[in-house]
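Take this structure first; my questions come after.
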Amino acid sequence: MTDQTRDTWRKPPFIANPVLRYAVILGIAAYVVITAATLPLDWDRASQGLTRAARIFSGAFPPSFERSSLLIDGFLESLKIAILATFGGVILSIPIAFMAARNIAPRPIYYLGRGIIIVARSFHPVIVAIIFVKAVGFGPFAGVLTLIVYSIGFVAKMLAERIEEIDFGQVEAMRAAGAPFLSTLVYAVFPQILPRQIGLSIYQLDSNLRASAVVGIVGAGGIGATLANAFGRYDYDFALAITIVIVGVILLSEAVSGQIRKRMK
Amino acid sequence: MTEQIFDHWARFTPAQRVMRYSVFLLCIVVIYWALTSIEVIWEWVWGSPQQIADLFGRMMPPDPSNLGKILVVLWETVNIATIATAVAVVISLPVAYMAAQNTTPNVATLWLGRFILVSSRSINTIIWALLFVAIFGPGVIAGVVAIMFRSIGFVGKLLGEAIEEIDNRPVEALEATGASRFKVIVYAIVPQVMPTFWAVSILRWDINLRESTVLGLVGAGGIGIILQGAIDTFNWPEVATILLVIIALVILGEVVSAWLRKRIL
Amino acid sequence: MLKITSLVKRYGSGDPVLKNLDLEIAEETVVSIIGSSGAGKSTLLRCINRLVEPTSGSIVLNGTELTTLNRAGLRGARRKIGMVFQGFNLVDRLTVMENVQSGRLGVLPTWRAVMRKYPKEDIRRAYELMERVGIARYANKRADELSGGERQRVGVVRALMQEPEILLADEPTASLDPKTSEQIMQLLRDLAREFSLPVLINIHNTTEAKEYTDRIVGMRYGRIIFDAAPEALDREAMDRIYSGTPAAERGEYTPDPSFAVAAS
């Protein structure tokens, strides 16, 4: 008898509670409608965009490598910014990472260390760059400072996590042998975090190179500045040439850093 | 010979040591090259701590008088990130399908998919924004489209890798029932990549929140416009308020995405 | 009726895995294929529904030549061939009902498949079959929450949902414990009787092959070297099926063991 009713089946819903389910669906629908209505989207302008896009792209082809010396200078500057920022960032991130490691630092210092990392991570490098450009003037120095902050946000965070995972048996063994604090650090902690730190540095050099192409747009030097200038002067063919080279360099540096990190393992 | 005395110990073989020293030396040379050839005015560098301290001094105390307006624009920023992420993940589905070796229909689509992913990923959001501001004019549309273009590559790449790693046995089983390609995708491939799909979407949303805070600096909408305005008018106390609001947004974003990850996965 | 004539399968340019193989399966018989690993059992089964493309030869199922079908024709033919796998091959993250209904994918309209709006008669049939094999209460559970034996039952029901004209089972019990394994074999035999299905089972366990099947086919290195009723499978026949190496089969065998290793 019961078999007769067994000819319907519904997939069990993701949210079992029907009230909650419909509330979530309604909420999402309301959000979509409201944002679509309130976002200041200017459709007229968007439709004109097509003709403008056609003009830009026809102006961009073929890409012009005529001013390649400008391009190379911009890139070398980006590379220098990335190298110096990686060096500075990695050095600075070591003490900050120790401050932000729960198992080593006293409470107040731990919170200070974490605070520095959170602030460094919260801001997009472009915002940091604008502030530094205002503080120390246009040019690559603002770029270096920006990317140092950017590097700290990533390297110090990862390193602090690594320090929190270290094997404390070795530290205790050193302490038991009567070693002073600094020797403990050098012999028991550093060897455990060094391979990670080198890997992180190479990774960070790669991401700094990427980011240095961007911070230049707001005046912090490097290839980004060259690109923003080309855009500002409607030199779309030069801008395309720069973009192509940026993509090429990024792919190359990604491949190289990936290879190095693979070989190190 | 049997009387050999073991009074010497070294951690590395001589060849390894030569290798290590030359890598170390190379790093020093590269840093020296960067330091000496970078175009900075060193007087400015030495004066920079003073300058930076000055700037932060001028930011104190933060001025909350414009907070209402800032929060409205902040909401707009969140909407840009959310809508752009939502559209991008939908578009990235077919791209990931094309770029995964085990699902792509033929070699041409494989390379098309890879080309889309690489060009999307290698060009930073800000550079995309420069382009779309030139096309659509300043405003939210340029921002949404820029974030979308950058996100497609990110989501598509991770999703494509997830597709390549799926268990192929259910696929084989459903092909053996005579199901069409589309139905095999819906029943055997989609369920397997769903967890990755959600995880990557949430992760990208979190990243896009940060990215959307800087769009305004190149005229592509969001809180960056107010930030740029405040900086241009030297209204440093308001800049401080905006920066604090951005930190709050980023932290809130991380909390929300952590919660979503726990709920959905 | 399934009729295979001079079937050859060669991967790349190597030695063929199936060498001019002939096999005929009448209605309603349960046939087991035994043989050591690498004998070509799995390849033979997969050639029938062309999960593996045969190199040459002919396979005729109830009057349809399978080897020459185009893609659409092949999909149509596969709908009539049910298959059960060693690793169950279920979609872990879908419910048991969805897994079972995926057996109908070949005939289900796309929108119904996507929306999970299965026809009433399919759902009724699914519940009947699941009731029959004892998994009806798991209909709403995810497939990965089930035990191995239960998962294989889902696999069997999925194949039966196709209303197949033949059932292929590729080592259906190899991932199961002995007791569950016997239950599945018994189930396959009983279902073959109930639905008047020819069933072709690859199996390693010769005891189970003898007990649950009507006919045993012994394969060695791409050839059928034994084909008889289970009672005829004696010690001597077993030795013939399970002895030797591929090298010996190719006539490359020399008494020097180091040569034999090099040749294989």
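We just call them A, B and C in the order they show up, numbering each chain from 1.
Everything that follows uses one rule, which is that contacts are C-beta pairs under 8 Å (C-beta built on N, C-alpha and C of every residue); 3 or more make two chains touch, one makes a residue touch a chain.
Everything quoted here is computed from the prediction, not taken from an experiment.
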What topology does the chain touch graph have (line, ring, star, complete, other)? complete
Which chain is most central here if centres come from C-alpha coordinates alone? B
The larger set of C-beta contacts, choosing between B-C and A-B, lies at A-B
Roughly how far is chain A from chain C, going centre to centre by Cα mean, in whole Å? 52
Find the geometric centre of each of chain A and chain B from their Cα atoms only, then give the gap between the two centres in Å, rounded to an integer. 6
Distance between chain centroids, defined by C-alpha means - chain B, chain C (Å): 48
Could you list the positions in chain C whose residues touch two or more of the other chains? 98
Which positions of chain B touch chain A when the two form their complex? 30-31, 33-35, 37-41, 44-45, 48, 51-52, 54-55, 76, 79-80, 82-83, 118-119, 122-124, 126-127, 130-131, 134-137, 139-141, 144, 210-211, 213-214, 217-218, 221, 224, 227-228, 231, 239, 243, 246-247, 250-251
Any idea which chain B residues touch chain C in the complex? 167, 169-170, 172-180, 182-184, 186-188, 191-192, 194-195
In the complex, go through chain C and note every residue touching chain B. 49, 51, 74-83, 85, 87, 89-94, 98, 102-106, 108, 110, 113-114, 155, 158-159, 162
Using the touch definition from the top, list the residues of chain A that touch chain B in their complex. 31, 35-36, 38-42, 45-46, 48-49, 52-53, 56, 76-77, 79-81, 83-84, 87, 118-119, 121-124, 126-127, 130-132, 134-137, 139-141, 144-145, 210-211, 213-214, 217-218, 221, 227-228, 231, 243, 246-247, 250-251
List the residues on chain C that touch chain A in their complex, please. 95, 97-98, 116, 118, 120-121, 123-124, 126-128, 139-140
